[in-house]
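First chain A sits with chain B, and in the next complex the same chain sits with chain C.
So, the complex of A and B:
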């Protein structure tokens, strides 16, 4: 690199308000997308597990449809594609919906595998106790499945946090947008990349911490119920 | 969770990059990019493939544009062979300086606008185009002058550079920015926003694709800062910068630069006047 590059941090400090606003927007998109993707994914898993052949086929179709295109392509379709038919989604809505639909497919597979991993004996034991199938699922199957699903769910939530950056392609003014916009003027690429790396590290690190906390609480709950 | 740490190696690599290059301590002329280029026998140019009309892919997928022709002219001057150019495609505009600093390219030619902030991290040649930025609206739009733009949604490329220019003439503008200018223009064409704003050569190129549908807003009372467009090189290489400046001078003096302006912009209006014209 030429005769040495000096890191200058003033441009980063000056951009702090825009960057902070961007972080908030990123959190907003990540939270909404994670929540709706998780709910959609769980519903999808239940439908494909207990919905008979129709449910299973619907689940497989959704999975293949969503898994086989990048989320950016979905965003472009929702934003620019639908606009040609007169349907104008806002950049924020198009980005959040695309992330939700895309990740719901992965979540569905995670929940499906977790539910399938609960041994058949658990269903039989619940039935022998006279539990109705809905109660058996809620009280016996689901808690075990959730604990098994958590590590993979955590991966996916962290993935969503990072994928919020893709919504900047639709002019959503989240963190990546704020960061590339400021770099476009001052070209302080290194300074801003270091900051961006640190910000995403903290954001995804928090997701990791949250998942570990959930895991600990769930296993504590299991131990105390086992003692009873 | 180990995926949290995937950014760590990148940060370390960035820090290592900043430590500096041992070769830089040699005598100025021997360590100049000019010598490297002459020895190598080709010039490596960093350029974007989406910057109409500067550097972009045509229908056949070939890299064409004002800047591509300019790079070939530089090669002709260096090696008497216009074909001795190697293009490195930069995936985004932030890559323009990073590619120079990391020694991946000898020069960046891709509609590179000169701003004081940028001049602190990269060196620019004298400009080969003096452009400015304009608002483009649909022909039927009621917007006639800058004052009509107050409170309107302006569609443009993402970037604090562009936003600052808009703020000069429209107070508290509402801005919707896209990473690609082509997406910004598409969004405006689809009916998002009230006006499109960008560098003049690019804007006029887009508008010309749809004859009669768009018009520029000319508000001579309130000029927008000019936007000099130049070749970017690594900082601290005065030998190379000096060579490129004289290469541009000779292109201007021979009329070749004017030819490129006519070919890609259809006008000589944006040609710089830094050479005294022969009487």
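So, the complex of A and C:
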């Protein structure tokens, strides 16, 4: 440690209410963005897989428009760019929508690959049993695709949790914002840094735990349905 | 377009240049660091794997902003004061080294160990066996994901603007606050990033497809 820096934890404890509020905001943004990005991504994957040439082109365009620039660009675009037309989004809304739109592109790729990885024989088998294509997708293709997509989805959800920190650029008062503003007040940089790292490790670790739980559930469901 | 727009475009191009400068430093240092760290991870036995896994755990679980914060504000507590650009380059290069090391470790491990044994039997030293036999084969698996990682890292440089380093996003925000041309400026920035990243990521995917085709054929000696 540098010249006489001693760890003092009292300021961290005093800042606990502000930091906890930040964690809640972070969770709120992460949950809303993950949910809407997953739904958008799945819809996009279905449209580009089954929507003919138009659907495929729309899917590719969206993908390339989103994944070749940082999510911060979309945040500023929604917040500062739309203001030019008199559309004023709150920092929270701009941040959450930007994270949703940005990550929906990655989710779309994950779902696309997962759906494509289900062998054609499964479609043919479903058709030969007389299942309508909608039922075949819901009951046969989708459950297999979801299982294959889950690990990658989990990584993306963890990415979203980390990327909530970028919304601090719009002064959304989530955890990173609370962290930097309390550090600026009391200058206990080292202590706060350790706490911040630990908080994010716990948050992203929880996402990992949740995904493993889902994986177990899905494989258990598969085993029990195979027995029947 | 008014005359103000011309100067805006010029200023944004200046910001882009800073971003690219940062990206080039980070990609170079990150590749070198990643090669060393990945080599250690693949060949350093249990300790090597352990070190790489611990670093990956921290990089994957904690936002880049916090890592960058450490370089900008925690290092000075140890008496190490760096200018903003150097701090940004250092923070991103460490981040890049760890993410690239995992790609390189995977590539090295995917080369069958019989290749090393054969090289040793032919009288190669261990170092030569690695450099001349293992590495060239590993690179085939390394290059496509590495190009993808390059694209992610170029995008990640934008985050450094939050710590006050003047690059594309930073100059964009500065212009918006001055001119209130949010839509024009952000559309341009969006296009600039896409112009840099789209060719690179398309190239990466082309390499990946080619590898899939080539990978199904036996490696010719």
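Everything below uses one rule, namely that the second predicted complex is superposed on the first by the 225 of 228 C-alpha atoms of A that agree within 3 Å, B and C clash if a C-alpha of one lies under 4 Å from a C-alpha of the other, contacts with A are read in each partner's own complex, and residues count from 1 in each chain.
Here is the rule we use: contacts are C-beta pairs under 8 Å (C-beta built on N, C-alpha and C of every residue); 3 or more make two chains touch, one makes a residue touch a chain.
Keep in mind the model is a prediction, meaning the values are calculated, not measured.
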item: Overlay on chain A: chain C relative to chain B, clash or fit; value: clash
item: Partner chain(s) touched by A:65 [first = chain B, second = chain C, both, neither]; value: second
item: Chain B versus chain C as contact partner of A:83, first or second or both or neither; value: both
item: Touched partner set for A:171, first chain B, second chain C, both or neither; value: first
item: Partner chain in contact with A:129 - chain B first, chain C second, else both or neither; value: neither
item: Touching partner for A:73 - first (chain B), second (chain C), both, neither; value: second
item: Partner chain in contact with A:180 - chain B first, chain C second, else both or neither; value: both
item: Which of chain B and chain C A:35 touches, first, second, both or neither; value: neither
item: First, second, both or neither for A:188, with chain B first and chain C second; value: first
item: Which of chain B and chain C A:213 touches, first, second, both or neither; value: neither
item: Set of chain A residues, in rising order, touched by both chain B and chain C; value: 1-3, 5, 80, 83-84, 158, 168-169, 180, 183, 189-190, 193, 197, 200-201, 204-205
item: Touching residues (chain side chain B, partner chain A) in the complex; value: 1, 3-5, 7-8, 10-11, 14, 17-21, 24-25, 92-98, 100-103, 115, 117-118, 120-122, 157-164, 176-180, 183, 186-187, 190-192, 234-237
item: Complex contacts: residues of chain A adjacent to chain C; value: 1-3, 5, 64-65, 67-70, 72-74, 76-77, 79-85, 158, 162-163, 165-166, 168-169, 176, 180, 183, 189-190, 193, 196-197, 200-201, 204-205
item: Residues on chain A engaged by chain B in the complex (per definition of touch); value: 1-5, 7-8, 11, 15, 80, 83-84, 88, 91, 154-155, 158, 168-171, 173, 177, 180-190, 193-194, 197-198, 200-201, 204-205, 208, 211-212
item: Residue numbers on chain C that touch chain A, as the complex places them; value: 57-58, 60-66, 69-70, 73-74, 77-79, 151, 155-156, 158-159, 161-162, 169, 172-173, 176, 180-187, 189-190, 193-194, 196-198, 201
